[in-house]
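Next come two complexes built around subunit A: one with subunit B, the other with subunit C.
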Partner chain A sequence: MNVNNILRNIIRSRTANIICQRWKSSDKELTSYDPFLAKPQKTKETYLEVIKMFEERDTRRRGHVEFIYAALSRMKEFGVQKDLEVYKALVDVLPKGKMVPTNVFQAEFMHYPKQQQCAVDLLEQMEDNKVMPDSEMEQMLLNIFGRRGIPLRKYWRMMYWMPKFKNLSPWYLPDKLPVDTMELAILALQRITSVDSDTKIDIWKTEEIEASLDKTWIVNGQSRVQQVLLAEQPPDEPLVIKGPFNVYLQDQIVTYFLLIGKTRPEYKDDTDLDDVSNIERPPRIPGVIGKVTLPQVKNTIHEQDDGTIVAICATGTSSRDSLLSWIRLLEKYNNPHLANIPVIFTLIAPPSDVSLFDAQQEKDTNKNTSSTN
Partner chain B sequence: MALFKNLKLNTFQIYRSSSTLCQTFDTSLLKFPSGINRIPQRQLFWEKDRKAGYNSKEQPGKIQHIKDGFKELKSEFKLFTQEIKEFIAADPLLIARPGETDLIWCFNDPSIINNFVTTCDSDHNQGYSSCGFDPSPAGRALFHGYLDTRVPKDGQVKKAGYCSIRSKRIRKSFKRETTFNWNLYNTIVLKVRGDGRSYLLNISCEGYHDITWNDIYHYVLYTRGGPYWQIVKIPFSKFILGSKGRLQDKQTRVRLDRVTHFGISCGDKINGVFNLEIEYVGLEYDPTHNEEFAYEMYKTDRYIVGV
Partner chain C sequence: MNIARKVSSIIPYHNVRKNVYRKFRFSASNFDSSAQSQPQVREEKFDFEDLKVLERVERRNAQISPFMKDVFMSIFNKDLLAYPEILNKEESAALDNRVAALESVFSDPKKTKDDRRNALIQTGMYGAPASLTNGGLAMNYTESLRYLDVISTDLELGLELSDHWVSLNVLKLGLNADVYQKLVNDLTSGEETISICIREKIPERLMQADFRTTAEMDGKGVWHLNGEKICTNSTGYLLVLCLVEETRFKAFLVHPRANGISSNKNFVTFRQTPATPLDEITEEALSQTLAASRLYTATLCRNSLKKSMHTCLEYIKPRYFSGKPLTEVPTIRAVVGDTLLKQYASESAEYFTAGILDGYLQPDAELEMAMCRNFIANHAQYQLLQLLAIPGMEMQDRCLELMEEMRLLTLRGENTDNINMYIALNGIHHAGKSMATEIKQMRNPMFNPSFIFKKILTDRHQERDNPKLDLYLSEHLHPTLKQSAEKLEYCVLRMRFTCETLMSRHGQEIGNAFTELTRLAEAATEILAMSAVLARASRAYCIGLRNGELEMKLSSCFVEKSKARVQKLLLEVNDGEYLNTDHFRIQFGKKVLDNKDAIVEKPTARVFW
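Moving on, here comes the complex of A and B:
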């Protein structure tokens, strides 16, 4: 290595060293005292109690940055990570007035960097948990860091973007999803069948079928169009039950099953006199020119190219028997034709996608056992 | 949303504010000359590497490189003659037909899948997610995998959990890089079948200067879930500029003549399996949509925004 290189290395690493000492992330430091661990009951009340205890213990509130970091990491344990009040209580730990910059140099060069970084991390955790701050939070931050503080910028950014994204989803879901699995299944089926506004969601009990073994509920979604499509199914071609498939409602998973009929022939529109789909594509024009119908345009939305969906359901147990009850209930309500058509059950195995975490752990344990051997 | 963590944000005003998913660099990724013990450094004025140390491609030796290059001469010349022919034959495209979708990638042909690459956090030992982009049973493309937000305990990575696909860089003959020109269109159209999760559409507009290397325009792709296909039309005016995953204060409209990559990523912080089936990605001109940019462009106080 030439001298030049070595010199450059030394100079570079030293400047980086000096800078990083001041800007070193404070995450890696340990808290010596953890009052959260001692609480037997992990609730919001006890969490706020710990914060209160810290505030009253010492008028100078020594170690408040470390305390806030410790508190942030314990939020999930106490189940308060989505509670704005708790975040406000944590911001309230920081001293007011002391850290407001009084001249341009302080304002420019990050006055009290650790405290500011800590407040930014707190706001970031709020953002990750989809908690939107309010104007009281702004007042608190203003009193602590002043108008030029970096947490304030973060706050303003959040208040600009978060309301824009909050109700963006075309499929509305309440903030708190219902705990009951049947309610969840209804929500899921409403979402899936929102393609056809005619769809009726029924809730059936398997008790209605005497031969059923599983006594559970079935949420069924079928529109009048689908009833017609099912009635047009030729009796010599079997219907297929496919599933289980998953649908996510925020972090909840609902399993559903499909009843699929035969693939119907593609609708052929020969009346188009201006059809230019067969002309050769001139060069330099992207895509397909002149093709009026895109691939896979069908007569109704239920006629997909991998089969015609004639009904959809979610059951309480997702068992074979409950699905059998579903078919019988379908037959009972408005689908008498189903009595003549054979139905095949094709329940697929769960997908092969798995977390690498478990695989690695397994490997580690294997390694450990082999080393002990 | 920009986090003022990196030094360059505070000191140098020109720099795009950024803070990566992982807090500090993994030192093993950056190839330093051995011998001197060094701490991970932060570049203040420039970024020397487009991939910021995440380059996983193995570089062949010089001689091997030349040998491989000679093998590709034939196909490249073929491409070149075709380009010349097109240049002579074709007039520039001036209008897009309203209401018709021009397909950029149609996955009915399984070979189109090879135009995309997948990335996830486990590729760089920064997480446990895994993903793939394969032909689906219905004959389309399926972006599938397992999203895992668990953080590996190496003391460096703070957050984990992303999977993404991205198109390969569009190029002309002799490996010259070029860009898409989508100026005629104002809407992106996708036909997808998802699982109820929300995904992120990414349009990269890498430029020449290092400041623009990480410019990606984002928008959310909400999926309905279920067996029905859904056609998603998103106007380009709604896309939001981000750099290294952080939304920028000073927003601009997508530079449609500078599009280098298109991608879809999954990182909604929900552990579990995900499946997104894609039939096509296309472009459309919607004459009824005349919004230039969906977000406010007013000037704010000095030293508040974009610092």
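Moving on, here comes the complex of A and C:
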């Protein structure tokens, strides 16, 4: 990587707004032409079209390095930054055979440094966007830079580490996340509640509760153990709704809330562990197993230091009203005990600021404004 | 990791002289204690003056310390290597007569179930454990095993009768004399049998106790039961174990056709069922008496294996392969031979245990009974599958029947895991009592530096898996069994070291080391089987029983294999959870239980193209 850094410092003289500037010194007016900007529709097809146009316009492909840098910086706009096919199309812009070193000196002293750096930057961008190259890409890079090229080294390193990291997360997510916020919330809750494989994820509509103002959806996660823990809550001790908390699914945020109950006392053990003179024995009557009394201490995964998590949810609006509906729906489905227990809302921020729904809308509007710019 | 194991002292050697002598002498003939272990015939002392002597004469020896529990501390009661002899000449003759009478009915496939039941009634089997004055036979455990060997041809009757016997013993101790006298005739007549209801369903909810059947007394002093039990036969009397006052166990007798009993397949439900309490029996005595059901299960299981072997032989005998009889195929012979070996070992262990129960006062053989059951349950299942592989896909129905029988027996009352934990924890409990100070020192090495150095020196042989054989068991067996005896000795000597390792590793929390305890229990079980087999073979050869030399070979072979198993098991315990991969097995299991779908990708899956 050292070589890369040095190289980058030497070569990085390109301007930030990568535009093919032609006839800069001519007496005519400065003409800057950005083929990407000219496209009214920002899709993968149009992006590939621009690349195709560049390839066909000039058989010598002058300015291809600049073109690639320009294309790389416009990827997000076209929403193709995660598309391997597009990266391949960009690599394909580089001429084949011409830049393969033919002798020791060329190989050692970095043949065509600017082009090599360009390819390395392209690979770097792929890595940042978690796009894994495939073996076809290796073939293309081999044809362009030969097996002593620095892009190849970068490629091989990527192919050593990226597959190892790709499936490392215990909370596996599909490559393409769903667009629907409810689907996202389901994915998030499934991952959060994976501590207890018994957890059931329910999707409820607030319409079921007549008094509700917000008509939205609620994704609820609760296991049978949690239902029991909730049923044990003494009626004079209030339950607490805590939230909103954020959980990231790749680059998406989902807000969720917790319903927290009382904690059972910590298991106290003041026996001398070193004293083995009277080790506990199982019941001696054949056929009798286990214990006749139940432990009244903390022993489930849901009982954390700051409280017992008895349910978890994400709602469409994350508003107080939707949370109220959530409590009522919980009561309706399998938790009748909730009718007698007071519930306290301790929401840190005003609910409208953090709603998933709004965030999504905001995002959409941002997108629209930026595209019109 | 015991630093204690690395340093040590010269053991105070009390009998150096004797040991030196042992090394250089030629035989054990003049060793004083070996006379004790020779088969002996004891004179019975009748008190002819006392005309009330109607019961069997008490011939039991003085109480001994529990045999297998001591083995956990590497203490071996060598007297038992003489194999217990319980019956005298008259008893033996009477027993043989009854067994012959039963056998003539039970071995005849044409006889119906009613014929068999009649034969049982005629020979007085239903009242056998009751005392002579109550019209019973005052049967002891050794005799009961002989009877059960014959009766188990009919598994249903075997199960029924073994439960009946155990319950009768419980009732004898539990009911007060008047009530017992009132009931005893009805109970011993054979019209109504007694079934045992102890086991309950595993709780289906988090907040449900493991044991839920309760009994309460109403205003009139009548006890009422509520709950559900696992029980296959709910027509006769039922002996039900209940909880009273939240935590105390108490047994109750439910009469036939009492109110509020409803049965559904394997389950019996009680709703406000009136019952007679067994007030006289303590929980301790109750558990000891009920534990005999484990011994009977072992016998039934062994006989079921025997039955399977005979089914298999019937299949093999008239068949040919490549122009040769199937009986000549060595692999088939090996499987059948193996089955015989397992049966022989189990039978030895059962009668050995029965001998301990019958031969000594206040016997503590609960561990031995549990071991008998586990030994055969473990081996019979495996052996049955081997046997049934011989007919292959032929005889489908018969094979299924045999397998179902075996499944029923190996899971009867409780499963192998529960019993393994029971064996190991009871053994460790016993060992812990006398090893407590030592363990405390080992767990605090910095406070006891001199002890640690001593320990390292004394344990240096154990660390190398090569303990010094100083029990001299071979002196109590036939000289040809010397090598086998040394193998047994090795196993026994390893037990203390292993218990020490376990206790110093886990301390009081040893109950959580499930996998290690299971191994310890299995090893101890094998040691019981080895001791019993060696003692039996030695006895048989010494007194010149028919096929005595075959027994010697059987015992040598069994000990050879068994020692390897014990060595492996105990080494794995000493290695700890990482070297014996238990830690990882548990993790894998957890992963599977936590995940809803498959956790390993298919071999065709790819990460990139």
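We take it that the second predicted complex is superposed on the first by the 287 of 373 C-alpha atoms of A that agree within 3 Å, B and C clash if a C-alpha of one lies under 4 Å from a C-alpha of the other, contacts with A are read in each partner's own complex, and residues count from 1 in each chain.
Quick note on the criterion: a contact is a pair of C-beta atoms (placed from the backbone, for glycine too) under 8 Å apart; a residue touches a chain by one contact, two chains touch by 3 or more.
Note that the coordinates shown come from a computational prediction; the quantities given were computed from them, not determined experimentally.
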{"item": "Touched partner set for A:Ser194, first subunit B, second subunit C, both or neither", "value": "both"}
{"item": "Subunit B versus subunit C as contact partner of A:Phe54, first or second or both or neither", "value": "neither"}
{"item": "Partner chain in contact with A:Glu124 - subunit B first, subunit C second, else both or neither", "value": "first"}
{"item": "Touching partner for A:Asp134 - first (subunit B), second (subunit C), both, neither", "value": "second"}
{"item": "Which of subunit B and subunit C A:Trp204 touches, first, second, both or neither", "value": "neither"}
{"item": "Touching partner for A:Tyr69 - first (subunit B), second (subunit C), both, neither", "value": "neither"}
{"item": "First (subunit B), second (subunit C), both or neither touched by A:Glu280", "value": "second"}
{"item": "Between subunit B and subunit C, more extensive residue contact with subunit A", "value": "B"}
{"item": "Shared contact residues on subunit A - subunit B and subunit C", "value": "194, 282-289, 291-292, 294"}
{"item": "Touching residues on subunit C, where the partner in the complex is subunit A", "value": "196, 198-199, 205-211, 241, 243, 246-247, 249, 283-284, 286-287, 290-291, 293-294, 366, 370, 413-414, 418, 421-422, 425-426, 428-429, 432-433, 435-436, 439-440, 443-444, 503, 507-511, 593-596, 607-609"}
{"item": "In the complex, subunit A residues that touch subunit C", "value": "132-136, 159, 162-163, 166-167, 194, 197, 224-225, 228, 232, 271-294"}
{"item": "Subunit A contact footprint on subunit B (complex, rising order)", "value": "1-5, 7, 10, 23-24, 33, 35-36, 38-39, 41-42, 85-86, 89-90, 92-93, 100-104, 106, 108, 122, 128-132, 137-139, 144-146, 148, 150, 155, 158, 191, 195-198, 220, 222, 224-230, 247, 249, 269-275, 279-280, 282-283, 295, 303-304, 307"}
{"item": "Residue ranges of subunit A touching subunit B (in the complex, touch as defined)", "value": "1, 5-6, 9-10, 12-13, 16-17, 19-20, 23, 25, 27-28, 109-110, 117, 120, 124, 127-128, 148, 150, 153-154, 156-158, 161, 164-165, 168-171, 188, 191-195, 245-251, 253, 256, 258, 282-289, 291-292, 294-296, 301-302, 304-306, 309, 312, 351, 353-357, 360"}
